[in-house]
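Same chain, two partners: subunit A is paired with subunit B first, then with subunit C.
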Partner chain A sequence: MKDSTTALMVENRPVADFIAHAILILGVIVVAFPLWVTFVASTRTFDEIVNVPMALTPGTHLLDNYAQALSHGSEKGSSAPVATMLFNSFVVAVSVAIGKIVISILSAFAIVYFRFRLRQFFFWMIFITLMLPVEVRIIPTYQVASSLHILDSYPGLVLPLIASATATFLFRQFFLTIPDELVEAARIDGAGPMRFFFDVVLPLSRTHIAALFVILFIYGWNQYLWPLLITSSESMYTIVIGIKRMIAGGDATNEWNIIMATAMLALLPPALVVVFMQKWFVKGLVETEK
Partner chain B sequence: MEKRVVFKSAWLPYALVAPQIIITVVFFFWPAIVAMYYAFLVQDPFGLSSHFVWFQNFIELFHSSNYLDSFKVTALFSVLVAAVSMSLALLLAVMADHVLRGAVVYKTLLIWPYAVAPAIAGVLWAFIFSPSIGIVTYYLLKLGVNWNWVINGNQAMLLVVMAASYKQVSYNFLFFLAGLQSIPKSMIEAAAIDGAGPIRRFWTIIFPLISPTTFFLLVVNIVYAFFDTFGVIDATTQGGPAAATEILVYKVYYDGVKAADLGSSSAQSVILMLIVIALTVVQFRFIERKVQY
Partner chain C sequence: MAEISLRGVTKKFGDNEVIHSTDATIADGEFVVIVGPSGCGKSTVLRMIAGLETATTGEIRIGGKRVNEVEPKDRNIAMVFQNYALYPHMTVYENMSYGLRIRRIAPEDIRRRVEHAAGILELAPYLKRKPRELSGGQRQRVAMGRAIVREPAAFLFDEPLSNLDAKLRVQMRLEIQKLHRELRTTSVYVTHDQVEAMTLADRMFVINAGTIEQAGAPIQVYDDPATQFVAGFIGSPAMNFLAGKREGDLVDVGAGVKLPLPEGLRASAPQSLTVGIRPEHLALGKPAGTEFRLKVETIEALGADSLVHALFGGTALVARIDGHVTPAAGEVLSFSVQPRQLYFFDAASGKRLRAPA
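On to the complex of A and B.
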């Protein structure tokens, strides 16, 4: 389709093509350059890195660096094992994604399929959470978590992040497009609301759930400010926090080979999710921003 | 739009919304209200007693040159992040829309930075631009540029803008590409037949047609630069040198958590809340016009 129309255009196609490819390749290189340097540094020794300029080809210490990072972290700065941090990040990312999806789909179902007092009021309450990012309520939220005794715990890391207006809106919009005939048919068959939810609504929402899961997993994995505030013991650090704690001293004292191995471990899981679940990722990104 | 057919139950809808409402009240509304209350208090340095001072915290903030500077830094930072990430993304999207071969490969290779946490992006960029061991620093020096963001405020700002723009380029690229691909090819073809060259076609047809996307992305990028870039700042400059990169969100955190000035930090939170509300209203008024419900 694209070929037939663009072929009609009159100007010098080969030159335009060349420029387009050149700019795109340059863009890909610029975007990949920090990642490549990080990867190279994660395969070299500390001495090779501080001996400026570091060669831009992979070294021979890949296994040593990653093994040290995973088993006992950086010897300077924080010395928590990165394997623990990866596990924590995984738990937080999956719990945030599932938590947001579950509470959003339930509340959207209630708001679309029932008429009840306070319905509009609840809808607006959920809407307003859009305007209260964690950054504007850090200290009081910390105090709430403290009085609930969930500091330094998984519930503390997860619960304050899982109310989601965007996911609720997304499900609401989708439910409004489900034909009313399906409800009528379900009611004639004697199915109650929860039966309808599990047999009709949930299966129909599959693609939306998958797309949201990808976006929310990345969101949860990449959280920074809240885990920074609420975790105090090393065993509860997520990897994004852990890497910050490893950068303790100046350039000459940080164990850059270990820090860079940790950086690779921190960015690979969400990056692989984007690359391999690209279809869901793009769908989720576009839909949650509507 | 409403459903014609609904279920009836006296308690079920309340049970269904309960989890979300409880989380919302406990972790969003209550802390926000407490922040508003604290904004009107002054606490003694030991946190033992506090008293109500009306708007004194706010008045002090707007008389504080530090705070006003932080506003300026934030404005500059968010404009730069939006400008850098949107113009690069648009350029790449126009090129990706043009090429026939390899478009999918380019797309994959350009969107993965979206997954990089702002704090990690900060670590990556700070490493290659590090004053003593950075690889780019080394070559900049060979070119005669003395690069040291640890002591040079402008260079520190450049560094955090680069790190913060990194993932936004990917995000903006996807939306621009979708916008470009939705333009009917016949329109561009007609202009080409009329003799309009590629640059003229871009400015007279393509750019106006993607202006809704551009405006939407502008708001999203400013919200991102205001709130989601805390990790970039904290992992790199920590607001320095001499507060040259101290954006408002970082100052709320620093004054509240590190300096334990509860009243002032809370007043800053309230001001930030007003900014988010304003930006959200702008975004939604715009989206209402765009999307048909």
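On to the complex of A and C.
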């Protein structure tokens, strides 16, 4: 059976190959074209962009546009420098990712390895919050943040996004696959619970942590609704909010070249994280042995 | 080195008592094998000694000290698990030294101990490898190395060879034997494999349904089983059993065969009995003793000897005969058994019937 499928796969069928490639290339174009337009727009002047039809080749103002975006922002919309926004977004994304991982790995560790009263109850409590997305609890969360006087600050941006049932659940599922004998061997070797956590559980979770970091970094980077609510001063804008603020009104009043440059800049860090962490992703998929 | 003793130890999981009141002593330096079918509670006994389970009642002592309330790490024992339980992300060296590092043993001392153990177990070339780069047998040796470097009072083995293939199992069995000869550390070894039990044990405990049915040297247990369960469990192929009815001083086992009841049993034997015959005691031909006529069903030719599966009346029996005799299926053969090689059991209780001393 296996042999016949392999044979099928290497079989030379030019027509099928052509159609398959055509569909795939078409798909790539559909996905990549908007990105290309964004890039082209970010290299041209405002006047060149609003000219119909817009040219589809890169222009000569790449450096001007990016430099202006990074240092002054848009002159017509929000004029906060994009560099600050990038920094804010970076702080939020990294803090959210690390915070979520730390909290969820510890709570999963507690739920899997400790017997305490109402353990099952707490597990279900965490699990049920999966059904409540940020948007549902956003008003009470805002009220809490306001009472804690953390509006318009990094803690306000980060803390409400940190609790994560999904990551807790993922770590729990992974911990359940670690054989009990490993825990027992560690107990006999004399490792206490936290020693076991740091010496055995944490190193074994490396690839899961890396994979989660990528997902959570992007999750944090792309947050829109919560930062929109909680930030009011320009110095606290994240880049996603910044783009929104730059779009002030009708087409003619927006500096599309600067906005597109900002969009390209917003795209870069998540893409880089995915590219650099890819090795770990693959490792996480291949390394099944515990 | 230490003596391990259990006094009135029981274990309940909920309302279910899985270990009934157990008394046992494992002498200093002794190699004891706990053997029994799966689910009989043998691992539970070992885990209670290790401290991974708590005894519901009773007292466990290691080296004369009560350990019921002592954590596993402070019991001065080392354990080898069936699935090796090596830390996958650590090298062989790190695996073996982990327990020592936690105990804050001096680094040069750790190095010396690990290298010594690696020498004994022929692991020296593999110290820098990760467990996944090793074969099953090597991994189990690392697990044993981890136990050895601790220099514990006792080794506890929980079915350590069950994950290995047959050939490796024989080899590792011999290595464990050799190891014990060198180290002379008190060892408790749990297995369901009676061959491992026979070959490794100084003494073995045969457990059935949470009770130690018999404790003794392997050959003694084999020759003189205390119950029908032990008789059937120890020995391969298993002992044949025939249901018998008492007729005065004879026991009728059906198909016209009546066996003489030994003189010592005549006063006490009940009406219904079970007669046990080991496959190797069924001798082809009729040199002496009682004759059994068996109808051959199949033959397993093993080379040195052959196992004849045959019917006696309605009961299937196994006989071990010379490998060069090859009877055909359907053939009727005569076997004989010496009266002193018959075992009599009380059919109701399963207890061996013994002549009063």
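In this text, the second predicted complex is superposed on the first by the 263 of 290 C-alpha atoms of A that agree within 3 Å, B and C clash if a C-alpha of one lies under 4 Å from a C-alpha of the other, contacts with A are read in each partner's own complex, and residues count from 1 in each chain.
Operating definition for what follows: contacts are C-beta pairs under 8 Å (C-beta built on N, C-alpha and C of every residue); 3 or more make two chains touch, one makes a residue touch a chain.
Since the structure is predicted, the reported quantities are computational estimates derived from the model, not experimental observations.
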{"item": "Touched partner set for A:124, first subunit B, second subunit C, both or neither", "value": "neither"}
{"item": "Touching partner for A:270 - first (subunit B), second (subunit C), both, neither", "value": "first"}
{"item": "Partner chain in contact with A:112 - subunit B first, subunit C second, else both or neither", "value": "first"}
{"item": "Subunit C versus subunit B, contacts on subunit A by residue", "value": "B"}
{"item": "First, second, both or neither for A:195, with subunit B first and subunit C second", "value": "second"}
{"item": "Contacts of A:204 with subunit B and subunit C, given as first, second, both or neither", "value": "second"}
{"item": "First (subunit B), second (subunit C), both or neither touched by A:187", "value": "both"}
{"item": "Partner chain in contact with A:225 - subunit B first, subunit C second, else both or neither", "value": "first"}
{"item": "Shared subunit A contacts, counted only where both subunit B and subunit C touch the same residue", "value": "184, 187, 289-290"}
{"item": "In the complex with subunit B, residue positions of subunit A that touch it", "value": "1-3, 5-6, 8-11, 16-17, 19-21, 23-24, 27-28, 31-35, 37-38, 41, 49-50, 52-54, 56, 102-104, 106-107, 109-116, 119, 122, 125-126, 128-133, 135-141, 143-144, 148, 159-160, 162-163, 168, 173, 176, 180, 183-184, 187, 192-194, 196, 218, 221-225, 228-229, 240, 243-244, 247, 250-252, 256, 259-260, 263, 266-267, 270-271, 273-275, 278, 281-282, 285-286, 289-290"}
{"item": "Footprint of subunit C on subunit A - complex, ascending", "value": "179, 181-182, 184-191, 195, 199-200, 203-204, 206, 289-290"}
{"item": "Complex interface listing, subunit C residues touching subunit A", "value": "50-52, 71-73, 77-79, 81-89, 98-99, 102-103, 132, 146"}
{"item": "Residues on subunit B engaged by subunit A in the complex (per definition of touch)", "value": "1, 3-9, 12-14, 16-17, 19-21, 23-32, 34-35, 38, 88, 91-92, 95-96, 98-100, 102, 106-121, 123-125, 127-128, 130-133, 135, 138-139, 166, 169-171, 174-175, 178, 185-186, 188-189, 192-193, 197-198, 216, 220, 227, 230-231, 234-235, 249, 252-253, 256-257, 262, 265-266, 269-270, 272-273, 276-277, 280, 287, 291, 293"}
